[in-house]
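Each structure below appears as structure tokens.
Look at the two complexes coming up: chain A is in both, with chain B in one and chain C in the other.
== the complex of A and B ==
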């Protein structure tokens, strides 16, 4: 009715244009973690010896690969308003099964990989179905999963580490160096995070994930099958635990039933530090990557400075608190900006 | 005006309680119907039947002369009946454009066409005269009135020929209420039919063409807004004896006459409505 004649369809109404890059950045949920990453990076570059070398930086990138891979699934799950505490145990169990199936069952590596990734998806799906069908909080369901799956990993191996595959092709696919010191794991992480980041931010499914976590009733009323969205996110997270197990076993050539013990906390920390909200509807893949990176940089710097390894735990805790407080601050400022 | 939505002899029982005892209702294209009645009169059940959330025991619903069956809210939406839920419609963290298209984002193969979403959302807002500075704003930061308007814009944009509004002005400030009422008039001007459930006689008289008053599961009366008064409507809502009481000025807290004709649970409402009516007289 009020469309001005002659106004081309492509022109955006002035107010709808993207705000200035800088202003948008300040309002973003990732602002806190971005500043933290930059600050820590600058500090380390100036004061920590041997930090600013490509070898060292690439090793940081390698160290955060597993957090990034599983964190990609956890990001989608947390945006959908759920959480999976069992990722560490899934990662451990599926690593053990990966090693078991190539050595004890003599399965080809590719088949074994499909098996553990599929099993991971199945475990995730079951936890997701219990959560959505019986309306039990995923915190509780996956807490049970954490115990059950870790127990299963220890039972299968009688508590002992297992030998894995010695296939050189498998090892170089997941454990070798792609170019120079750039580890294959880093590339796996980059591919997964980029791919799922695209899914989350650009596709219809990603929009459904945000709607589901933001306001499940509104999403349901709008015809979005929220239970299905959640179950898919659980299955995806499980599948990524399987992928992480596949990569780990190929890299190390063995599997330890205690793999991933406490790993869920590192993953959740990365996602939360990256700006995601535990109540759902907020979070991005870029944020999670930065969250993993900042934790990795801190750990690396502490090692290089020769600080007692236990300080790492303290630093991670402080980081989580600082990130959450910054996000709170950003949220209030964002409200004030408009 | 042609009849768009027609409800004939719709009945619904919940156990021993008759929520609807044969309700007839017709909504013309571009007509605004104010649906009023005390708590328990059957308004909500009727709305739920219309939006597919509740299946009636008997009776027919037809859209443009064609009988339709509403098994779910999805069916209702497909037939052009859109309901705007109070506070259950928006995702606060997402922006205005995303909320207007919630669940029906335009796509190019797999990718959501966000440019088109922003452009069309702006067009819809302009068409309906909804003032929002940017479609990129998260709706969580907007006022209650703006949020209500966005929810209504979505219902219209997603093809609603009849929009059902449940207490659209409740819990809003006066200015915001005026915005929502103006939006309802704009909808009417575009030829969209609206059914407004409200307890506020003033608001209903301000926007509706006809007022349908329900009492105890039946349509108590239908009035053209040009030939009625607030007192008349309130009388229909409460029943004859209470209306007499209002007319004779014997109002205030529920007196013996008022409580005779209305059930106990409804008495606090009687007082409010009577006071509202007196302020208009």
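== the complex of A and C ==
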């Protein structure tokens, strides 16, 4: 049997292509967190009772929905080289306003949703404008926002939880099960992350976001309006906080003024564990999803394993650190290759 | 420009770099990364394995922990001996882990040890509505025999309570139940908050009259947390007691809310700020939880002890120490031990043989200088 030269070339080409794909995979920024996620998942599947059931896994997917939704905006913001520490407070205030507008102002749910999402965008835009126009670091601006917005939530509610709408349609849209045990929140998260992932990786605006965070001066020289890009990312993050508030009130039927207390840390942790750089220019939606998944799997597994509450605090920190180190090992190697 | 746009196709760029490295060194870079990634993965698995050990040791500790006052942990567990509940998993989820819950946890674990249960006591370090719901959902997914939960508003936790019941898990509420909990067909072990607030208000007025004799002024109703229905109801009870006293005695006390939080330094600053605004206006400080310990710290630092009435709720050690040294006039106990122990006992009979539970009022015990020694001795068992 003889081998024709053409066939040999095709085989070599296919081999190179497969090797290229593999190299691309292991060279990706998310590879570390993918390995960490897979390791945690495998460990839980093997050793944790009641973990590997469809109900439990879908429940984990539901639990990461809010981190995923707000994390999508935070990813774009951090890729653009900024950060928003007020997302927990925004989420709390906008949840409270959602409940307030449907019960006290008697607004239709759809109109209330537009109101809170729009208000979220406005809050984000204002924070973005202060950051870019006055050259104040975003962590300072949004730290102030964190306090102001939480205070506003407490003022509106007089410190008490507010009832939301009892509309069954609203509840099933955001808090019911879409298919079987698959929660509607999970689908909302998937849609948002997929959509913004596409924007970030496939559009001109996405290129501008990476360019702004990667090297702002070079981006400006290339004609990119970096301040505008940043303000849009802030506004987008705020709008997503509004969307999260809309979903939360429909799901739980009430809003607490302390909703989202400390939530900014969970969101930032998911984005950073997912491979985004705090200095900008690096990060993807897939990485953030994996980062959120790591947090969700850890929280779930610790309860299923019977770990005591106090140890859970320690354990969460240890496991996140382990996941970040895994990611870092890969990133260090990549830097060496560059 | 290539640097600017590197992220538009980061993976391709990285692959190119790997290829270049591969060519330069003559060895596949992928194998090196894989080793490092595997090392990182191993690190994650090792951490997780250590946690499994934590979980196991926690369960063992629970099973052998002696009940306070029992004198020994060697007695055979009653439940295990009867063959009823041994090995059952029971999870207690609270809305926020703080010092108040220590005796609740001890009561829960003591009863669990007697029954041979695997007990788990969890809650977030600081309150967040959806975090608590998620923790409760994870507890349901663990398929325990029973769940003890705190329900701090009237709707948010109902879905998970219904899901637990639908899964055949026995549920009881403890510490805080909020309005209309009966519609969920669950019992509640805890304080009746408005009457307890009335008792607190009466004690505070007694303390104001003792210290200053004044018949007017502001009574500050302190709160450590917003959005907690239990604290709001206690506050309502305090305000009601003040109104009732004014009507009956012609006094003109008023009330004012002050949110101080749980961080002592921040709370002391807020208390000082309110005092500085109008020092002569304040007649007393009536906490809805353990805020009186912060007022005590502040008053001692300003040499103002004895100028106002000061009291609150709960039997935490700083509060009891304040009563012992005279910087706090009273506290209202709610028998936290019972909120763990009695809730567990009622849950046990729900699990087997299957009796429905009933609600249990853990009372409003007044602790002041007359009984502080006895109470301190009792509460020291939970330290």
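Everything below uses one rule, namely that the second predicted complex is superposed on the first by the 301 of 338 C-alpha atoms of A that agree within 3 Å, B and C clash if a C-alpha of one lies under 4 Å from a C-alpha of the other, contacts with A are read in each partner's own complex, and residues count from 1 in each chain.
We adopt the following convention: a residue touches a chain if its C-beta (ideal position, glycine included) is under 8 Å from a C-beta of that chain, and two chains touch if they have at least 3 such contacts.
Source: prediction; values computed, not measured.
Visitor: Looking at A:223, would you say it contacts chain B, chain C, both, or neither? Reply first, second, both or neither.
Guide: It touches chain B, and chain C stays clear.
Visitor: Which partner does A:259 contact after superposing on A: first (chain B), second (chain C), both, neither?
Guide: second
Visitor: Of the two partner chains, chain B (first) and chain C (second), which one does A:281 touch, if any: first, second, both, or neither?
Guide: Both: A:281 reaches chain B and chain C.
Visitor: So, does A:50 touch the first partner chain B, the second partner chain C, both, or neither?
Guide: So A:50 only meets chain C here.
Visitor: For A:302, is the partner it touches chain B (first), chain C (second), both, or none of the two (neither)?
Guide: Only chain C is touched by A:302; chain B is not.
Visitor: With both structures fitted on chain A, tell me whether chain B or chain C touches more of chain A's residues.
Guide: The larger set of chain A residues in touch belongs to C.
Visitor: Looking at A:325 after the superposition, I want to know if it touches chain B, chain C, both of them or none. Which is it: first, second, both, neither?
Guide: After superposition on chain A, A:325 lies in contact with chain C alone.
Visitor: State whether A:102 touches chain B only (first), chain C only (second), both chains, or neither.
Guide: The answer is neither, since A:102 touches no partner chain.
Visitor: So which bits of chain A does chain B touch that chain C touches too?
Guide: Touching chain B and chain C on chain A: residues 206-207, 210-211, 214-215, 218-219, 222, 281-282, 334, 338.
Visitor: Going by the contact rule set out above, which residues of chain A touch chain C in the complex?
Guide: Answer in residue numbers: 20, 22-29, 31-32, 35-36, 38-40, 42-44, 47, 49-50, 53, 55-56, 59, 62-63, 66, 79, 154, 157, 159-161, 163-164, 175, 201, 206-207, 210-211, 214-215, 218-219, 222, 248, 251-263, 281-282, 284, 299-313, 315, 318-319, 322-323, 325-330, 332-334, 337-338.
Visitor: Which residues of chain B touch chain A once you look at their complex with the stated criterion?
Guide: It comes out as residues 73-74, 77, 85, 88-94, 97-98, 102-105, 107, 110-112, 115, 118-119, 122-123, 126-127, 129, 133-137, 141, 154, 190.
Visitor: Can you check the complex and tell me which residues of chain C touch chain A?
Guide: 1, 3-8, 10-12, 14-15, 17-21, 29-30, 32-34, 36-52, 54-56, 58-59, 89, 91, 97, 118, 120-123, 125-130, 133-135, 137-139, 141-143, 152-156, 158-159, 223, 225-227, 229, 232, 257, 259
Visitor: Per the contact definition, I'd like the list of chain A residues that touch chain B in the complex.
Guide: Contacts found on chain A: 1-3, 9-10, 12-13, 15-16, 18-19, 202-204, 206-208, 210-211, 214-215, 217-219, 221-224, 281-282, 334-335, 338.
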